[in-house]
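Every chain is named by a letter (A, B, C and D) in the order it is written, and numbering of its residues begins at 1.
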Amino acid sequence: MESSFSLAAFLGQFLVGLSRAMILFIVASGLSFILGVLRVPNVAHGSLYMIGAFAAHAIATALGNHPAGFWAAMVGAPLIVGGISLAAERLLFRHLYEREHLMLLLFTFGLALILGDLTKMTWGADYRSIVPPPFLQGSLDVLGTALPRYNLFLLLVGPAVAVALWLVSAKTRFGKIARAAAVDREMVGAIGIHVSWVFAWAFVLGCMLAGLGGALVSPTISVTLGMDHTIIIEAFLIVTIGGLGNIWGALVGSLLFGVTQSLGVLVLPQFAIVFPYLAVVLILTFKPTGLLRSVW
Amino acid sequence: MKSQGFISRGLVGVLAAAVVVAGITGGAEARNIKVGIVDTYSGPPAVFGNDALNGFKMAVEEINRQGILGGKIEFVTRDDKFKVDIGLNMAKELALKENVDVIVGVVNSGVALAISDAVAKKEKIPFFTWMGKSANITGKAGHRYVFSTTENTAMATKAAATVLARKPFLRIWVAGDDYEYGHALDDSFTHYLKQLRPEVEFLGRTWWKLGEPDLVPYFTSIQAAKPDLVHFCTGGASMANVLKTIQATGLHRNTAIYIHTAIDYAVLKPLGLNAPEGVMGTMDYLFYYPEMSSHQKFVKDFQARYKTPPGFPAYHAFLTAQFIAEGFRKAGKIDREAFIDALEGLKVDSPVGKVEMRACDHQAVLPIYFGTTRLSQEHQAAVAADILTLRGAEVMPTCEEVLGARK
Amino acid sequence: MLWALGLWLALFFAPLAAGRFTVYLLGVILVTGLLAMSLNLLVGHGGAYQFHHGAFYGVGAYTAALLITKTSLPAWVGLAAGPLAAAFAGLMIGSLCIRLNKLYFGMIQISLGSLLWILALRWYDLTNGDDGIHGIPLPEALSGSGSAFTFLLAVVGVCLLAMHRILESPFGTTLRAIRDNPQRCAAVGIHVRRHQLTAIVIATFFAGVAGVLFVVLEGSVFPDMLFWVLSLEIFIMCLLGGWFTFLGPMLGAAIIVLLRTVVGGFTEYWTLILGVVLILLIFFLPEGIMGAGHRLRLYRRRAAGPPSRGGDRAAG
Amino acid sequence: MLQVDGLCKAFGDFQAVNGAWLTVRQGDLVAVIGPNGAGKTTLFNLITGHLQADRGSIRFREQEISRLPAHEICRRGIARSFQIANIFPRLSVFENVQVAVLSAKGLSRHLLHPTRRLVREETEGILERVGLQDRRLDLAGSLSHGDKRILEIAIALGNEPELLILDEPTAGMSPEETAATLALIRRLAREQGLTILFCEHDMEVVFNVATSIMVMQHGSTLVQGPPLQVRADPAVQEAYLGRD
């Protein structure tokens, strides 16, 4: 065991944790964005992540596992998820924004149940797997640790998504309105903005992040039913730690989860399973509304 | 009065529910043999449930062409959703309302143990598990009314330990899914390997939660310890995650790896030609081995019907149907106790040869195949190569051991 | 009240009149219904985000199961200890939760409940992990299925009576006031958090009773009982039957259990059906079946004429 | 009875209350007036413990109460109503008041006595005093806005307070309702011997009702005194009345 504590192993493990945090961040930021702007605790977010993974597989397979198919899947899957979420928002959600949070939560739970079974109807229960393009296969030796190239790729994608999100929320008119709506819905309505469509696009954006997360994760795991359950609880724990509705809170929460869990595996492997829950309990005990400012 | 109104109306509702319950319950005795299947048809384990059902259907059609005791086998299916309470609920419905003669199925060992105790033992209904892999089912928790037509964790790991004890692996690391199945594999493999080769050293253990999406952090910590052999205790969907991570990190290039069911086609097929080569695994059924004519015919028929080769659940279910048919034929009447007596020591034909139902513990005597993954252009996937066959009698705990554990 | 009592007494004859599966299913409904009603005490009447109520159900069941199988104490002691252990867990977890608001309350509770779930899942030597504990021996008097049902029905009846009294007491009225407006409650001198904590302890006690009754009914316990998905399913039962009614959750549990048994036998898409039912409910019957019935009666009464002075509610 | 000195409360950079002072004697009917944003509601929230003051003291019956939680202050005899209708919408009108009466009598935590047999007379009495007795069985959420505001006062009365604090009791009311409400306040003060502190942004409305008027501006107290004296105060005329 003494060799596991070397600095190199620690750094390698740290990088692995960071790459894991990137997927978590992409999914959790979408959840948090929806929580912030629409005040909807979207339990169906996990199902959309799963659909993203299945759709990515379908697209990649349709293009015969050609490397271009992988990139088409990374773009196409979020779009498919975006389409589904737009339909759900326009047909169902928008009639419910005035309801209590508990109703919205149960509503999205119902949606999650439906989407889960629809996924099964469409794609069946078999395990699936996507092959990344050749240059992302295999591993690189970083400080004596074999790091999969794909994880290094994720380390580039994560920050890119974070920057894109920041640009959208801080620099565009849509982002500004969405942030204002998060603070005071009536005021935004009062200054004559068509809030309904702002909400719709905010919802779609958040859901597309779930789809992107699902697509990105698909080469590293087997795509199966039940993926939704695992991710949704983790994503909710992350946004709670960070502060509900705060995208940067989702980033902090994801990094905390990814890195600590990854280093925890090295030091206290038996502790890894309880860590996320314990982290929520400890953080909420001392900071009752999460680490960063929450709109809830 | 408002609240009283609620109470009385509520109770009217409850009573109405009782009437509905009464309406859907109550059944009739039939001359056909009625088999109730409780299995998982939703969620990830549905892969197993569906495959098993296909194998069972195929066998039943064949059996019904001849008939049994002047009747046929008919069956009903119930989805347990991989949940113990629902599984119990469904098994009780089959036993108490549908009046089935036999209950079969169950992927989830927890469900199998619950049904075995609360339904099979209590209601005296024969129960076959064709997928529940806990050695406890026919071991510690076994009894007259429970049968297993699948290999279990003890058999698989004893087979693996027998082979691996002959190889130069001394420093061993264990990693796997943090749930009962994973721990059962670890306990039993460790037990047998230490017995056969006391000088082996277990360096450490890594457990991740079931469904953990990213295993790389766990792998990097294993690599740092440089073991000779890693025993991964995993199965189902997370098996594919493990294989993918092995391929991505290249762990198999400098470390030997053993995983029970790693040579399962259902696991290897989705990975295609991107599966890691050289991973050692055990299985009690491979559709391409052994190459005997009865087996090839079975596989061909199955593929013609379902467009996919049979997996081990299909084989187990097929075998179970044979045991049910032959058991009742031998008993000569539709009687549960006579059926059980007939089953004990019964040998039936299966596509890969005769299989015996061991009398002492009601465990089917199945061979275990030990193989190593190798890419096959023909299958466009990895398959098992260098297959060693370990006979059931070699790998099963002895009757004395089992009966001792039951006390 | 006599009406209700008569119906309850009539159910005691179910084992004589109905088939065994019917009786078993009634037992499942009663246990699940009691669990749902105990949750509704907090959610429908207390307005708390009690997200992981199943954890206390599990604590009650596991306590009973472990005391019976691992100690030489009489089985009755195990059965009695279950609800107390659940209430104690409620006190511990509740005192951490009540300091937080709404979704944060819910999330910290899911986390604490999941820690208990992990305990049940991982402490193999004690709990058998995933496999669960089966074949739990019960006291002689409960071993027949008829007598077990009678016991179940009696205990559920007593629990319902107690819950009804609690909800009709000043404690219950104040609890509903907190649900409607916690800030205003503080302004009329109510110690809101202490009141909620008391409610949590009471509700978790009844959840523990339901857990113990599950052991009596099935003779098994397993970690799934403490998994968060079960807790959400109980929520649906409350919603279906009616949040703001007393017996609604029992009705909701009956419908879900029956649907699951009937529909589950024919289709593997049961969750899809459940999802559709849930969404239709939220759109068209947000107050559940009994809530809607109650609304309808109020409407009819209004249509029939103005309420008489000193009418039913105040005069009792 | 109530003595507020040098009270301060800031929200971020915004100094909502900045050195406010106020004196209420037994039997007074004190009106706090000031334009919107003068800090009236914040002042009331500080007195009743819904907010914690940054600095300053609040003494009620010679005891410091500025650090106590809301429910504790209520128990000492200060009851309040809120600016926005703050009732229990899913309870009946009767129960709305009953909850407060039960709390005042320390019965809130009783578990086994049926509520319907408790404190009936007291509750009925209050409903009759404010004129809501005919609506007692309706769900509070279904009342008109004016009735909700009256119900709020009734809830506050249920606490059997020595000091009743009303936050803009006539906000959003029609002129007729306003007049009726003011008459109710005056009657309560006279007949029940209640000490009442209330706020309004319209000075004219309170001149005939209040026995003492405190004028607030930018979070500070400009002046407090009898109506005529306040009206004559040059600073008040400058800040408040001068604009007409």
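Simple rule for what comes next: a residue touches a chain if its C-beta (ideal position, glycine included) is under 8 Å from a C-beta of that chain, and two chains touch if they have at least 3 such contacts.
These figures come from a predicted structure and were not determined experimentally.
**Student:** What chains, if any, are shared contacts of chain A and chain C?
**Tutor:** B
**Student:** Centre to centre, using CA atoms, which chain is the farthest one from chain B?
**Tutor:** Of all the other chains, the one whose centre lies farthest from chain B is D.
**Student:** Quick one: most central chain, C-alpha centroids?
**Tutor:** C
**Student:** Measuring centre to centre with CA averages, how many angstrom lie between chain B and chain D?
**Tutor:** 71
**Student:** Using the average of all C-alpha atoms in each chain as its centre, how far is it in Å between chain A and chain D?
**Tutor:** About 48 Å, centre to centre.
**Student:** Determine the centre-to-centre distance between chain C and chain D, using the mean Cα coordinates as centres, and give it in whole Å.
**Tutor:** Using C-alpha averages as centres, the distance is 41 Å.
**Student:** Quick one: report the Å distance separating chain A from chain B, using the average Cα coordinate of each chain.
**Tutor:** 34
**Student:** Mind pulling the chain C residues that touch 2 or more other chains?
**Tutor:** Only 122, 168, 269, 271, 312-313, 316 qualify.
**Student:** Of all the residues in chain B, which ones touch at least 2 other chains?
**Tutor:** Within chain B, residues 42, 46, 178 contact more than one other chain.
**Student:** So which bits of chain A are touching at least two other chains?
**Tutor:** In chain A, the residues touching two or more other chains are 117, 120, 229, 273.
**Student:** Name the shape of the chain contact graph, picking from line, ring, star, complete and other.
**Tutor:** other
**Student:** Name the touching chain pairs, would you?
**Tutor:** Pairs of chains that touch one another: A-B, A-C, B-C, C-D.
**Student:** Please give the residue numbers of chain C that touch chain A in the complex, ascending.
**Tutor:** Counting only chain C, the residues touching chain A are 43, 49, 96, 99-104, 107-108, 110-112, 114-115, 118, 122, 228-229, 232, 235-236, 239, 269, 271-272, 274-279, 282-283, 286.
**Student:** Could you pull out which chain D residues touch chain C in their complex?
**Tutor:** Contacts found on chain D: 48, 50, 69-71, 74-75, 79-80, 82, 86-92, 94-96, 98-100, 102-104, 107-118, 120, 134, 136-137, 155-156, 158-159.
**Student:** Residue numbers of chain B touching chain C in their complex, please.
**Tutor:** Touching chain C: residues 1-15, 17-18, 20-22, 24-26, 41-42, 46, 76, 78-79, 81, 83-86, 88-90, 92-93, 96-97, 109-110, 113-114, 116-118, 121, 134, 136, 141, 178-181, 183 of chain B.
**Student:** Given the complex with chain B, which residues does chain C contribute to the contact?
**Tutor:** 1, 3-4, 7-8, 10-11, 14, 18-22, 24-26, 28-29, 33, 121-122, 124, 128-132, 134-135, 164, 168, 218-220, 222, 224-225, 245-248, 250-251, 254-255, 258, 260-262, 264-265, 268-271, 290, 293-294, 297, 312-313, 316
**Student:** Within their complex, state which residues of chain A touch chain C.
**Tutor:** 41, 92, 95-96, 99, 101-103, 106-107, 109-114, 116-118, 120-121, 229, 233, 236-237, 240, 244, 273-274, 276-278, 280-281, 284-285, 288-290, 296
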